[in-house]
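Only one structure is covered here, and it is reproduced in the block below.
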Amino acid sequence: MFTNLYQLNLKWIIRDRVLQALVGVALLLLVLVPAFSVLSMRQVQELSITLSLSFISFVLALLAILLGASSVWRDIEKRYTSAVLTLPYSRGSYLLGKFFAIAVCLVCSAAIFTLVAAVAISFSSGLYQSSLPIRWLHIFTAVAFDVLKYVLLVAIAILFSSISTSFFLPIFGTISLLLAGNASQEVFEYLTKDSVGVKTAKPLLYAAKGIYYLIPNLGAFNFKVSAIYPVALSSQGVIYTLLYFLVYTTIILYLAVYFFSRREFP
Amino acid sequence: MKALEITGLSKIYKTKKAGVVNALSDLNLVISSGEVFGFLGPNGAGKSTTIKAIMGLIKPSKGDALIAGVPASDPHSRLNIGYLPENPSFYDFLTGREYLYFIGTSFHMADNLLKSRTNEVLDKMELSLAADRPIRGYSKGMVQRLGLAQALLHDPEIYILDEPMSGLDPLGRALVKNLIKELKAHGKTIFFSTHITADVEAVCDRVGIIVNGELRAVDKVESILEKGITGYNIHVRTGGDISLFSGFDFTERDSGILEFYTSRALFKQFMEIVVHANCEVDLVEPVRKNIESFFLELVEKR
Amino acid sequence: MIRKVLFIALLGSYVAVIVPFSSYLGNRSIVNKLGYMPEAEIVKFALGDLRYLASQWAVFKVMLYFGGMVDNDINKLKLPPEYPGMSRMISNAVRLDPYNMDAYYLAQATFVWDVKDSAKEINKLLIYGMRYRTWDYYLPFFAGFNSAYFLHDYNSAAEFMKKAAELSGDPLFTTLSARYFHEAGRTELGIMFIDSMEHSAKDEKVRTSYHTRKEALLNAQKITDAVNRYREKQNVDPNTIEELISKGFLNKVPVDPYGGKFYLSKNGRVESTSKFAFGGQSR
């Protein structure tokens, strides 16, 4: 029943030529990783890992924002809603079908990219001996958390789409939250550091705390440092971030379904 | 059995530009099972608003709608409905057949039944040739026929069709009329909206006339037609003596036939004269207003 | 009803997760907090004009964690500083935006003092910046100071100062000739530099860090003065600071604001266990 909607949306993503183009460009760029990496004479391996992770992150961000923000909007804009929302589905399964289809698309794209990146990294590191071993587990963890981060972002895009009629709120709202979410930890620490450096006014401090706990903490999903440099992976960090992802995404989807169920499609 | 039960349904749209729009006020309507109901009204009367409320697309400001006893807000209420939206638009990256597959699985149809039904409805809607092309390339009429096909696919008991004839050529309109008659013969319930009176006359059991969001009249099509009789044309063969008929207008025909017109009120009196004069009656034909004039009267009456 | 309960349960779990989660985030090591930034060339390529923002963001991050180090020092917390990560960020920042003055300023305010033997690298960075900020006298001024104070290359220092003088039109710089550098004491030179920097510092944390350093240098200077007087009077070098006090050359042991203890090294120079650096003791 629900899988039906989910398959429908997967079909939509696959038939969308934008996606193919994006995947093509991404694959091309990943193949170019070794070529770029040799530009750095000293740290070919580090650079190839950095490059690969950056590309994967960049493409996943694009996919998450474009697919997440456009999926519901397009159905409304092209008036598909009057046909599909009048089928015996709840509004919730309609929305979750979209969410899971896009999430699966992100996971699959990331898997393909990682595979290609692994080849590119192995090849590049063979060109110039590095003093550091390649820690594949750390690299895969970094990509996995990147995927989780963008899955969360898809949920946010869907929440915005569920309350907005325009394309702008989902797109720009999601992009703003992506930027803010990446920075929230730093800004929060800067403002709340009880130090001589910053004297934050009390109301501003409360506002900062409120915003910090409200918006997604996307910076936490960044495990790239331990994939690139010899820094230990914190198992505590992995577990907390995973839990945070689950709870936060569930809340966002809950709200999206709540608002979407109350929405009218005249 | 009540297929549809609408009580006190009202809808007020609040818009920034147009302000408050009373799209529908206090609509009460019961459609019983097996009935073909025509929902007739001019553009902007509130027909689509009613249908959207039944289909759960919009929330009524007041009142509610039950589909076979289940509230419209419950998605299960739609399991037994075939719905054709107004100016439909379907996922255009799918082919017609794929779309029907999606619809069929949405209604839990078994795979082999779904396959045979798909071919059946495509055939019926004359879409077999286009079935494997993406909907993106369909013409307006083809999309409309696909809309009917997807409404028919799971063989529901109740059909809710918003302007099913719009966008179709005369052949298509005839196709739809025959389809409705066929469904009626199979005991299905059909609720359809239209602004064309001839469609109502052709296929409906009952008609509801809505103007400016208010239901002005609900009646059997037969009885509207019957009530609409204003007088009769009567062809009489007289022996030549026409003095008895003084006071009635007539025109004389070549073959000694007199063509009378009597108003409804004087018909009995006229017929008594006929009997008295021992004339031969060739033809009695009621003269009536059609649904169109009935409709126009209602629309113009404020 | 069920939905309400579900939602409240969700919010409850959010609170339950967010507390340990944010405390874990707050306690991450600086290298993790700084995160990784892709090579400047890639960021440039991906971000286009946004790279100026990225450059500033990198500086902000370094500033934030440098500030964190200042705080930790004040609060007597011991966290090993993460200089390689911070210097990576700064070098990325100037490659993204070679005009980014904050990056040069921050490099001059932090690494050159706190990281041993970094003056050469920093001067390279400053020379790179001079190619772009051709009007700016700060860069040659920094480079000149580094050459004199850290590298003892007084001729280059005088060259840089001459350039700074030309650009600023300030007569102060012209007095900073090679001869001056030879004659002035090292501590005095440091104080002179810090004095001018402290006034121009915009960021409060940087100012604090300068202030602390000046205090340390001034206190060290007090001891150095006492040592010099001792030498003059006694014709020998003092062995300890306590000796200076017991013989009346100093009333009390000046405090090292970095939390270290002053001592006299073998050749009679004033040093501190803190090495005059944040987190110096733990290194």
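Descriptive notes on the structure:
Think of it as A, B and C in the order they're written, each chain with its own count starting at 1.
Everything that follows uses one rule, which is that contacts are C-beta pairs under 8 Å (C-beta built on N, C-alpha and C of every residue); 3 or more make two chains touch, one makes a residue touch a chain.
If you're wondering where the values come from, they're calculated on a predicted model, not measured in any experiment.
Arrangement of the chains shown, judged by which pairs touch: a linear chain-to-chain path with two open ends. Nearest to the overall CA centre, using the mean of each chain's CA atoms, is chain A. Chain centres computed from CA atoms place B at the largest separation from subunit C. Pairwise, the chains sharing the most contacting C-beta pairs are A-C. In whole angstrom, the spacing between the mean C-alpha positions of subunit A and subunit C is 37. Subunit A and subunit B have Cα centroids separated by 51 Å.
Here the spacing of subunit B and subunit C, counted between their Cα centres, is 85 Å. The residues of subunit A lying in touch with subunit B in their complex are 1, 4-5, 8, 11-12, 15-16, 78-90, 262, 264-266.
Note for the complex: subunit C touches subunit A at residues 6-7, 10-11, 13-14, 17-18, 20-22, 24-26, 28-29, 31-36, 38-39, 41-43, 46, 57, 60-61, 64, 67-68, 70-71, 74, 85, 203-205, 208.
If you check the complex, the residues on subunit B that touch subunit A are 13, 49, 52, 55-59, 75-79, 81, 83, 85-94, 98, 102-103, 105-108, 147, 150.
Those residues of subunit A that touch subunit C in the shared complex are 36, 39-40, 47, 50-51, 53-54, 58, 183, 185-186, 189-190, 193-198, 212-213, 217, 219-220, 222, 224-226, 228-229, 231, 234, 236-237, 240-241, 243-244, 247-248, 250-251, 254.
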